[in-house]
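Each chain carries a letter (A, B and C) given by its place in the written order, and its residues are counted from 1.
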Amino acid sequence: MSKLTPVLSANWDEKDSFTIEGYKRNGGYKAVTKALAMEPDAVIQVIKDSGLRGRGGAGFPTGSKWGFIPQGDNKEHYLVVNADESEPGTCKDMPLLLANPHVLIEGIIIGSYAIRANHAFIYLRGEVVHVYRRVQQAIEDAYKAGLLGKNIGGKGFDLELTLHAGAGAYICGEETALLDSLEGFRGQPRLRPPFPAIAGLYAKPTVVNNVESIASVPSIINNGIEWFQAMGTEKSKGFTLYSLSGHVNNPGQFEAPLGITLRELLELAGGIRSGHKLKFWTPGGSSTPMFTDQHLDIALDYEGVSAAGSMLGTKALQIFDETTCVVRAALRWSEFYKHESCGKCTPCREGTWWLVQALHDLEDGKGTEADLTKLLDLCDNIAGRSFCALADGAVAPIMSSLKYFRDEYLEHQRNGGCPFDPIASTVFKTVGA
Amino acid sequence: MTPEQALLETQAPVEMITVVIDGFEVTVPKGTLVIRAAEKLGIQIPRFCDHPLLDPAGACRQCLVDIEINGRAFPKPQASCTIPVENNMIVKTQLTSPVAEKAQAGIMEFLLINHPLDCPVCDKGGECPLQNQAMSNGRPESRYEGVKRTFEKPVPISSQVLLDRERCVLCARCTRFSEQIAGDPFITLNERGALQQVGIYANDPFESYYSGNTVQICPVGALTGASYRFRARPFDLVSVDSACEHCASGCAMRTDIRRGKTLRRLAGDDASVNEEWNCDKGRWAFKYLTSRERVTTPMIRGADGELHEASWPEAIAFAAAGLKDKRAGVLVGGRATVEDAYGYSKFARVALGTNDIDFRSRPHSDEETSFLSSIALDLTTTYKDIDKADQVVLLGFEPEEESPIVFLRLYKQVRKRALVVLSNAPFASRGSTKLKAKIVSDISTIVGLTSKSVILVGERLAETSGAISAAVALAEKSGAKLAWIPRRAGERGALAAGAISTLLPGSRPVSDASARVDVAAAWSVDSLPSNPGRSTSEILLALSVKNLDAVVIGGVDPLDISNAALTQLLNSFVVSLEITHSAITAIADVVLPVAAVVEKSGSFQDWQGSPRAFDKAIADSLSRSDVRILSMLADEMGSPINLPTVAATAREITALGKWDGKADAFESVAIEKESAAGDKLNLSSWRLLLDLGTLQDGEANLAGTARKASAHISSARAEKLGVKAGDLISISSDFGSLKLPVEISEMADNAIWVPRNSIGSQVIANLGFTNGEVTVVKA
Amino acid sequence: MEFTSDQIKIMDSIIARYPRSRSAIMPLLHYVQAIDGYITPRGIEKISEKLDISTAEVTAVSTFYTQYRSEPAGEYHVGVCINTLCAVMGGDAIYDSLTDHLGIKNHETTKDGKVSIERIECNAACDYAPVVMVNWEFYDNQTPQSVKDLVDGARAGNPPAPTRGPKTLRTWKQNSEVLAGLNDGLANEGISAGEASLLGLKISKGGK
């Protein structure tokens, strides 16, 4: 019997799962009716009591975030959904929105009602046109069904929902950069305080939530706190989407209670690529320090991963087997962070520029033991010195790979170049396949 | 705004906070940033993006320090430029925290990896915060062995500012200044990450009136001024505090001299006036004094009709002979220092025995004369009143064009707290648009002003009969504070010095016998003339009809007054005190060279009435101030005025002091409505900040950023004329005509506006007036 | 060349979606790409005028985001994911063979204007690695050969359909129009979810 608990993904196998009819047929939009019959504060309380934590990476309690919005302040409030899914390895929100955009819309209606927002936004990354189509159509259909617009469900609640396409900037997943971007500026992070709950979009109280967090709300309203709390671990309640990719036999999405282990997930994914063995993996995207085969039994919840020296992040489990060069992996991630650094602060902008060159030299076999010491010192001068967390993410793969595979870095020098055959790690193995 | 300024502005009690920095306690107002609190202790935390007058950015990360509050330490170093002090805060800077010291050294190393290190050929070398702080807070050697980022350089982003992107540390001071202070976001950060760079939109150069400030606050040599580039090393320059001679804003300035030559001028610091900014005219328009047209020796017109060089004694004797016992008037010009204006004032009364003196070399009226003699000098409105105002009304006044620092103060309040601004201009200029000013066509319709409101009256209000009276009535009715802001730096001081027919120095009415006795006693003369004097236009008229024989003229351009002014002078004996050859020297009988601002000491009065004193910047200049020459001339005429030096003049002005008696009553005038109808349009105009003004001579880089002349009309009028934006129209009066491209603005259908003195649009010369009815057709 | 009055009307309708006009800059930039294929000077100037911000401010935004191009894209813009996971799984090999095949480098366009290529970062489809995006539609589980076939088909006018997307591949400009928020009515085409997305669900339902 598997541990899997499909909730968000429960109907993805239906041909019309993304349509309003398909969604309603499976009980969709019942939670809205239920929530609109409650006091907004009671809705916030349910989400608080459920223990739902942010599924975008940081794990901040969703209900508390909603509770920070000052009420009775005679200001507009906004709910902004962060659908800028771009963290390397992360691939849960896009399939969710492709297959079931209405669950997000239902969550948005409930969340907006709870925080007294009359305008919500979905900030969707721009590089996924078909997801955009699905969400846009879902919004149009929800308007037609009276679920958006004026006087929703006859309860006197008004809500406008605007879909906004990003245009290629990882940094916009950072909530204040996202807000600047949505306001029409360069997506660079803002100084905090003020926090978005006080001065967010257009300097008005704003909640920014991840897609999966908001999409989890209708099921909690429908099924109750006990149902939700029955899943997960002591401080990490509920279900979530784990995404396995890379060198496993069957990569894919696995919706399971928080706290499942990689060993269990690997079993579901048919194990490591046949004939190979696990070398390293990320628990939640490239910004979370990597693990190795020593970490197969760590509970994949917020506390468990953190105690082992990494972060749960987006639960994007990128699996690499022994054919993969860890220096190449670290270099490529460094190139990503360099490409995505917004440029605002010195350590991130200049540091990633330097890191890429340093790692190139190491990958080419030109790095010495002293260069590794220097590299670690550079990481130390970047981590915790930058304006936002992007640069902390940038050094995570380097520092963690040096922790577990220091000798592999040196092997490059001894070998006069990378000792790995890149073709061996591909899915097609032979050129031109 | 710094908390100190907040204190100044609100006058409300501000909570004080005590923090410990590197073991020392310091108490500062709540809201003070850690970096600033450290400065109070003399602890300099290195920084690049931080600037006290810009919103905090926290971008460069150079100012990282360790902070703990209530015994709880932040897990990582914090940017001291973004964190306000709190009670029970303990700060450890690079002086006491090894973590902070390493963090700072690490940031500095990062900043330098892509820097070209071309200090020997960089204008900033020697006064460069990057250079200095790399020495004080950086590692002795870089560990970087990689490839440096390169860009094409330098890139001109306007005709006067050049950009070197390789030197740039991306602190965003320039872009934040342009957006936050000037409201001109024409330079921005473009691209991102390691390729982030300062830039402009390719087709729109960085043409802001305030662009020079970005060069000044750039902490590296990324932005340089075309005129100063490669001209000097900072350590070869002698810096002298000075005041700006261009407008009445009153900027503190710094003049940098090398071997008797002005190499550059910078904005000085004066928190109550220009803060740390100035405009590009103030910064870059100083070449006039080294122009080839400079008058270097006295000259006398010979029998051949030509000017010939003469010795000082010859020239003074010739001038004295031409003035002595003649009916003569004095035209001072609006650019005299207080001391020089006082010299003209005393010279007129004592040596010429007349009240025929006026400092206004521009359109003026009797109504204005009455306003200036009875009200203007008693106005006490200041910049601080703008900072606190609930509404500001601009009457006959375009702050960005005519007093740029007043504009910056208004913009600051508009940005910070949405200050309400009204203007009676015919349309919303670029400046007014930035101020979100509401256009009101009729002063009498303005309601809702309070005692916290401010009415700023420009000199051009005198051009509409009755408008000054309406402004005075509006202030009286509402209790709003009134201010008079003339365009030129010397006008307010000249008025105070009595360089006008109705006033003696210190607000003493000529009409008041006891005031005359007062001054006569101070001047050790038996009496002063009591007959009413003439205004500028009356003096010119009197000269032309031979009711006056001679005239002494300071820095005056006749085309600033009227198209007839020059011909009115032709048959008189003209003594010209001038810096450069001009239309006046061309017809003068005697030309006496005088010193420019950097060559003399003296003072101006800004529009607030505050003295703006300055010392001689070029110490060994032989040029003399006007007052010294007037004193020599008076001696020669046998009616000494005893003003041998600027210092002596200043002492005499102080000793005389301000009159405490009654002023003349203001004589109000009924407002006159503009009447153009049918095909006729009402033309109005004002001067743009950068135009054909003579003090901007010789500075092509600056001129290149001037706004291009265009004629503003309403869209309905454009339709009627069959033109669209950019098309040429011909504007004509009985006198002449000019052709300009059209710009469509929201304005009355019978109105048209053109710049007063720009390339292609010199209205007095082209049309014969500054305001009046014109005929407009498609060209 | 001026934008047509219909295009201006669409711009106005985009601006009307937002409480504050400046927020419309990103969809407007997508819309300029839908019309011109890239961010043209006339596009920047029109947006500046419409939003009442400086042309420099528009430039600052348009150059920040990588989807906005300063030069024309091909009719089919091919993005090969070269972030670590896709690169290791075959993205690097795909990219190399594609550049050889087309004779163009990163950010370049074939002479016929049909195909441009770009090395792209993680596109949120890692369970389908290696991934290629064409006009930002998903092409999952690619190989060097499948991508060669893909671009050859595109140049011949009949590209294969996206793996998870509409029945036929739309052009760069057409898809830019979608990102500007103009509904092309194709939302209901294509599958709900790919195999990998359904894996956990199938297992929970007793599949293997």
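Assorted remarks:
To be clear about the criterion, contacts are C-beta pairs under 8 Å (C-beta built on N, C-alpha and C of every residue); 3 or more make two chains touch, one makes a residue touch a chain.
This structure is a prediction, so every number in the text was calculated from the model and none was measured.
Each chain gets a centre from its C-alpha atoms; the one nearest the centre of all protein C-alpha atoms is B. With chains reduced to the mean position of their C-alpha atoms, the one farthest from chain A is B. Looking at which two chains touch through the most C-beta pairs, you get A-C. The distance from the centre of chain A to the centre of chain C, with each centre set as the mean of the Cα atoms, comes to 21 Å.
Note on chain placement: the centre of chain A and the centre of chain B lie 55 Å apart, centres being C-alpha means. Centroids built from CA atoms put chain C at 52 Å from chain B. Across the assembly, chain B contributes residues 189, 191-192 that each touch 2 or more other chains.
Contact of a single residue of chain C with at least two other chains is seen at positions 53, 60, 64.
Touching two or more other chains at once are residues 169, 186, 339-340, 342 of chain A. Those residues of chain B that touch chain A in the shared complex are 56-62, 64, 75-77, 82, 102-103, 106-107, 109-111, 113-114, 143-144, 146-147, 149, 169-170, 189, 191-196.
By the touch criterion stated above, chain A contacts chain B in their complex at residues 169, 186, 191, 338-347, 349-354, 357-358, 374, 380-382, 384-387.
Residues 184-192, 199-204 of chain B are the ones touching chain C in the complex.
Interface residues of chain C facing chain A in the complex, by the touch rule stated above, are 17-20, 22-27, 29-30, 51, 53, 60-61, 64-68, 79, 82-85, 87-90, 92-93, 97, 120-130, 133, 135-138, 141, 143-145, 162, 164-166, 170, 175, 178-181, 183-184, 186-188, 190-204. Interface residues of chain A facing chain C in the complex, by the touch rule stated above, are 2, 4-6, 9-10, 12-19, 76, 85-91, 93-95, 98-99, 119, 125-130, 132-134, 136-138, 140, 162-170, 181-187, 202, 242-247, 250-256, 268-269, 286, 316, 318, 320, 324, 328-329, 332-333, 336, 339-340, 342, 422-423, 425-428, 431-433.
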